[in-house]
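Chain IDs A, B, C, D, E and F follow the sequence of writing; residue 1 opens each chain.
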Amino acid sequence: MPTKGPLLVVTAHPGDFVWRAGGAIALATKSGRRAVIACLSFGERGESASLWRRGAGLDEVKAVRREEGEKAAGALGAEAVFFDAGDYPLTETPELVQSLIDLYRTLQPSVVLTHPPKDPYNVDHPVAGEIARKARILAQAAGVPGEGEVIGAPPVFCFEPHQPEVCDFRPDVLLDVTPVWEQKLAAMRSLGAQGHLVEYYTDLGRRRGVQAKRNSGPNLGLPVDAYAEAYQRVYPQVTTELD
Amino acid sequence: MPTKGPLLVVTAHPGDFVWRAGGAIALATKSGRRAVIACLSFGERGESASLWRRGAGLDEVKAVRREEGEKAAGALGAEAVFFDAGDYPLTETPELVQSLIDLYRTLQPSVVLTHPPKDPYNVDHPVAGEIARKARILAQAAGVPGEGEVIGAPPVFCFEPHQPEVCDFRPDVLLDVTPVWEQKLAAMRSLGAQGHLVEYYTDLGRRRGVQAKRNSGPNLGLPVDAYAEAYQRVYPQVTTELD
Amino acid sequence: MPTKGPLLVVTAHPGDFVWRAGGAIALATKSGRRAVIACLSFGERGESASLWRRGAGLDEVKAVRREEGEKAAGALGAEAVFFDAGDYPLTETPELVQSLIDLYRTLQPSVVLTHPPKDPYNVDHPVAGEIARKARILAQAAGVPGEGEVIGAPPVFCFEPHQPEVCDFRPDVLLDVTPVWEQKLAAMRSLGAQGHLVEYYTDLGRRRGVQAKRNSGPNLGLPVDAYAEAYQRVYPQVTTELD
Amino acid sequence: MPTKGPLLVVTAHPGDFVWRAGGAIALATKSGRRAVIACLSFGERGESASLWRRGAGLDEVKAVRREEGEKAAGALGAEAVFFDAGDYPLTETPELVQSLIDLYRTLQPSVVLTHPPKDPYNVDHPVAGEIARKARILAQAAGVPGEGEVIGAPPVFCFEPHQPEVCDFRPDVLLDVTPVWEQKLAAMRSLGAQGHLVEYYTDLGRRRGVQAKRNSGPNLGLPVDAYAEAYQRVYPQVTTELD
Amino acid sequence: MPTKGPLLVVTAHPGDFVWRAGGAIALATKSGRRAVIACLSFGERGESASLWRRGAGLDEVKAVRREEGEKAAGALGAEAVFFDAGDYPLTETPELVQSLIDLYRTLQPSVVLTHPPKDPYNVDHPVAGEIARKARILAQAAGVPGEGEVIGAPPVFCFEPHQPEVCDFRPDVLLDVTPVWEQKLAAMRSLGAQGHLVEYYTDLGRRRGVQAKRNSGPNLGLPVDAYAEAYQRVYPQVTTELD
Amino acid sequence: MPTKGPLLVVTAHPGDFVWRAGGAIALATKSGRRAVIACLSFGERGESASLWRRGAGLDEVKAVRREEGEKAAGALGAEAVFFDAGDYPLTETPELVQSLIDLYRTLQPSVVLTHPPKDPYNVDHPVAGEIARKARILAQAAGVPGEGEVIGAPPVFCFEPHQPEVCDFRPDVLLDVTPVWEQKLAAMRSLGAQGHLVEYYTDLGRRRGVQAKRNSGPNLGLPVDAYAEAYQRVYPQVTTELD
C-alpha cells in the first residue's frame, strides 16, 4: 500500500496545533507521511500575555513564539509555515486566502485539521477555521487562479477547543494517540509561554483515552491507559466498511 | 488478520433491512462475516396494505412476509430471526428486551445496525431502534441475567429512514456498496409486497453514491457510478488514524 | 369548491382547546366545516386547583369541567368528545389509542391540531400530543383493525404551549383569527375555573397578531389590530403555490 | 382576484435557479406573474470547470454562462439580470447590496427565493443568500436611500442545496411542480456546461414528488407521478386558514 | 459588601436599551452602580421611519434620536455614549472595535448586556452584539494595545429580541424588574418616535413576570403582578450556591 | 435571613450522587440545610460488575451498595433514602412516582438535582431524571392525592453525565465546590466498588474549576486551584440581579 498524502494543519496560533492536534501530527509523521502546519499568526497579542507583562516588544514576542512553534513542530516531526497575518483579531484578507489556496495545491494534502466554527472565548479560532475550509473549496475549482493542480476532496477534521461544550463541539472521532504520547508531551513542554497547560492537556488526553476505550468495539485493542484526541468531522465519512 | 465478528441488524419489519441496509449486510457476508437480522415483527399490519386489500387473513399475511424476508436475507447471505412481537404498534416488553439481550450475548456482534430515534411517519421504527440500543447496553452488564457472556461495546449505526430530513437524520457515514449492488437489487426484488420501492431505492443508492464520490478524499478510489448507503453513528468513531 | 373535511382537535384537558386553538376552531365552523374536539381527560387533577381548594370531590370536579368544556365548545360551534382517561398523569393505553383510531376513521378529518412534543411544565400535554400523532399513523394502515375506512395524511399542527420558548416551540404558522376573535373571547370567558387567563391570552393574541402583520407579504391585507394564533407543523406543507 | 406581484429569485450562479427553483419560476410565469432572476455572478470560476479545462479565457467563460443562463431563464418565461459581481469567492460589497435594494424597490416582489444560510460545499451560496435577505430588510426602511418605494414584507423561501442533510436544510414546504415539469426539464437541458446533472435533478424531483404525495392531506389531489421542489421558510407562514 | 462594578450596555440603536434592558439598567443605578450605554448608531435610517416620512433630513433625524436616547438614559439614571457609526447597515470597522475596547478598559464593567446573535428581522442587531462580544475578548488580552487596564471576564447577557422564537432566543434568566417598572415606563414614554411600542412592551413585561412567578422557587417572594425581563447567557453562570 | 429549604437529589444509583453532585450536597449541609438523596435503586445490576465477578448474590450486592451509599451520604452530611426499585432496567411505575410525590411534599425541597434527559451509555439515568421531573410537577397539583402540602416550583438542576458532549449536556452553571472538596473526596473514596473513578472525577473537578475561574466576573474571587461541578438548568433562572 502506498504511503498516504500529507497532513495539513491550519491554526490561528502556534500553541493550537500542539495542544489540540499534536497526537494526530505525530502519528502521521511516524508512519512516514509529511505534516505541514500553517500557522496564520504568532499569537503575539492574544496568547502571549506573560511575554507582554515582562515588557517584551512586538518583534521580540513574535520571535519567541516562532521559535517555540518551530521547536514544537520539530518535536512532532512536522514543518511549521508562519503566515504572520496578525492576531487578536486575525482578519481574513484575499491575499491570505490565496496563500492558503496555493499551499493546498502545492501540498495536495490527504487530510486537513483546523479549528471548529464556534468559540465564544477566542476571536481568532473561528476565523482561522473558516479560512481553512474556504481555501480548501476554492483550491478545488479549476477556474480559481493560483499555483499547482486543483485538489480533490480531503476530509476536514475540527480539533477540540478549550471548553468544548460551550463551543457546540461534539466529538465524533476519538483518535488513539497512545503510541506517540511521549512525543506530544515533549512538544507541549517546548511551549514555554503557556507551560501551565501541560498538566491540563495531559488530563484531557487521559480522559479522552478512557472514552475511546469505552466506545471502541471488540476489534480495536486499546490499552487500559490509552491517550486520545477528539475531533469533529465537517463532511460525512466515506468508507468501504462499517466499523 | 482474523475475520471480524458478526454483524447484527435489528429492524421493526422485514422490508427495512433490505431497503436501508442491504448493502452493508452483503458487504459483511461477502467478506466472510456472519450477518444476523433480528426482525422484531413481520410488518403484518403496517407494511402489508396490498395483502390486506386483497383479503388475506393475519396468519397468511405473516406467512407471506416471513417468506419474503427469508428470501431477501438469503439473497444477502444472511440469517433472519423473527421475533413475531407484533407491529403497528410494536411494543417494548421485558420479554422482548431479554430475547435481544440473549441474542447479543450469544452472537457477540462487532457491529450493530438499527433504526434512528425519530420517524414521524412510522410508529414502530423508533421503538425498534430504542429496543436495540437498550438491549445492547443491558447485555454489557455482568449483573444482568441471561445466556452467554457479556458483550463489549460494538459501534451502532442508524440506517437511513424514508424521509431523512424530516427525521433529523444527518448522514455522517457514506458506505460504498458498489461491489454488492447487484445483490442488494436481487434482495429488493424479492420483496413482492412493496415492489414499487425498488426504483426509489435505486435512485437513492445512486444519489448517495454521487455524494460519497464528492466527499471522498484522494485515498479512496470510488468509481464514477458508485452506489452508497448512508448511516449515522450513535457513538463516536474510535480510530488509530484520521482519514 | 366543495367544503373541506372536518377539523379534529386532540387535547389533554378542556381548557387547552380554548386558549390555544379557539380561533382556528371558530374559523373552521364559521366556514361551514365540522369541528370535533377529543378531550382526553377533564383536567380534573392538574388544572382544577380552585375547585379542589374549595372542597369539591372528584366527581363534582369532573362534572364542572365537563360543563365548562361543553359550553366553550358550543361557543366555538364545535362538538366536544370526552374520553375520561384520567389526568396528572394522563397515561397512554391500547384502549385509548384504539378509541382515537376509531374517531379518526369515522371522522376523516382534513386537519388535526394537538399539543407539541415538549412541555417541561405539564406532564399530560406531551402525552396527549403523542397519542394524537400515533393514532393518526395507525389509522392510515389497512392492517390495523377498527371501525371505518383508513384515512389519508391530514396535516398536523401543534398549538402554542404556555411558555413557548422553554418548550422548543418555534411558530412556523401564524393564523389570522381576527374575524372570530369575539367568539374566542366568549369561549375563554366560559371557563370559570381558569378565568384569570383571559387577559393573558388576549395579550398573546394581540402580540401574535402584530407578528402576523409584520410577517405577511403584500398579498394579505391584515388589519392593524389583528389577532393571531401560532402553530408549528409536524410535516412539511404541500402546496401548489409559494406565498 | 388580481394577479399577484412578481417573483424575485436571487442566486449566486446561473445554474442555481434552474436546478433548485426552476419549477417555482415556471409556475409563477405560467399564472401570469413576472419572474426576475438576480444572478449575482456568472459562476465563471466555481461552476465552469469543463470550460476552463478546454482552455477558455475568463471573458469567454462568462459569455457562455450568460448565454446559457438567458436561455434557461427564457425557457422558464423569466428575465435574468446579471450583476457580474465575481465568484469563488463572491464578496459582499456596499455597491452590490445597494443594487439589490434598488431592484427590490423597483420590482416590489411578492415572493423571494434564494440560497439557505449553510453550505459546506460551496463558498458563494451562503453569501448570495445573506445578501438577498439583507437587501430585503434594508429595502423596507424609509431611511435607506435608493430608487423606488419601500417594500412590504415578502416571504422568503430558501431552495434546496445539493446535499441537503449536510447543509441543515429541513424542507418545510413541498411545492407541486408537476404542471410545469416539461418546462423545467427544457431549462435544465439548456445548461450545457453542467449537463450531467439533469438526470440527478429529475430523480430528486420525483423523490420530492413522492414525499409531497405522502404528506398531502385529502384536500390536494396530487398525481401518482408528481414532481416537487423543496423549500425552507425564513419567516413564519401567515395564513387565514390551516391546511 | 462593596458596590459592584459598572453595567455596560451595547446596543445598535437608542430604542434597544429601553425596550429590552430598561429594567436591568434601572435596577443597577438604583443600587448605586454606574450604568453606561454604548449606542453604536442613532438608528437614523432603520428605526426612524416616521421622521423620514414627515420630511426630516439626516442631521435632524440624528439629533432627534440622540435627544430621545439621552432623555431615556436619564430616566434610567444612566449615561448614553453615542458612537455615530451609521446604521442600516451598521458595519464593523477596526476603529469602532478599538473604541469599544477602550471603553471596556476604562469602564471595567462587571456585567455586559447586548443583542443576541440572530435576528432575521434586523440587519444591525446581530452586528452590534458581535462587536460587543468581540471587543470584550480583545480587551482581556495584554498584547492588544489601547487605553486602560485589561479587563477580567464579566458575564454577558443577551436581551430579548422583538420576535424571540424566530431568533432562536431561549430565555434562561428572568430578571424581576418590578421595583423599577415605573422608571422603565417613563423611559419608554420618552421615545417619541416609537411610542406605539409602549403597550406592546408593557404586555411583554407582565407576561415575563408571570413566567418568573411560575419559575421561581420558594426562596424568592415575587409579587403576583410582577414585571420581568428575559435574558440569555453567553457563558455559563459561575456561582457559589445553586438556587 | 432564614435558612433555605432542603436539597433533594434524585439518582438512579448510589454512585451517581457522589461523583456528580457530591460538592453541591456538601455545600448545602455545610450551610445548615438538610439534604436528602432519593436513590431509586442500589445499582445492583448495572454498576456492580466487580461484585458479580467475584460471585456475590443479588442480596449481597444490594447490601454492599447500600452500605457504601450510606457511608458516602454520611460523609456529605446527607440522608440517603433507598427505593429499591430495581435497575438495568430501572422502570417507571405509578407506585414509584407516588413515593416520589410524597417525598417532595413532606420534604418541601427548595432545590432539586437529578440526571439529564439523555445518556446513550446508560439506560437508567434518563429514566430516573424523568421520574424526578414528573413527580415534581405532580406534587405541585392540588388535585393529585398524597401526603403533605403541594409544593412550589423549586428549580431543577441536571448534574453532569460521564461523557457530557455525547449526552447533549451543555453546562450552564459552574458551582464552586472548593470549600468542600475534601468532603467530596472522602465520599468518593467510600465507594469501594467503583474506586478507580476517584482520580477521574478529581481531574474533572479541577478542569471545571479552571473553567469556573475563566468564566467568573470580577465580583467572584475564585482561588487559582478551584474545584467546580457543572450543572444544566431545566427552567430559566429567576433572579433580582444580573451577575
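Rule of thumb we're sticking to: contacts are C-beta pairs under 8 Å (C-beta built on N, C-alpha and C of every residue); 3 or more make two chains touch, one makes a residue touch a chain.
Because the structure is predicted, anything quoted here is derived from the model rather than measured.
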{"item": "Reference interface A-D: repeating pair among C-E, B-C or A-F with over half of contacts shared", "value": "B-C"}
{"item": "Rounded Å distance between chain D and chain E, as computed from the means of their C-alpha atoms", "value": "37"}
{"item": "Contacts with 2+ other chains: residues of chain B", "value": "121, 166, 171, 211, 214, 235-236"}
{"item": "Which chain pairs touch, all of them", "value": "A-B, A-D, A-E, A-F, B-C, B-D, B-F, C-D, C-E, C-F, D-E, E-F"}
{"item": "Footprint of chain D on chain A - complex, ascending", "value": "97, 133-134, 137-138, 141-144, 234-236"}
{"item": "Contact set on chain F toward chain B in their complex", "value": "44-46, 48-49, 51-53, 61, 88-89, 120-123, 166"}
{"item": "Partner chain C, residues of chain D touching it in the complex", "value": "4-5, 7, 24, 27, 31, 108, 110-111, 113, 151-155, 157, 171-176, 211-212, 214-220, 222, 228, 230-231, 233, 235-243"}
{"item": "Of chain B, residues touching chain D in the complex", "value": "121, 163-166, 169-171, 200, 203-204, 206-207, 210-211, 214"}
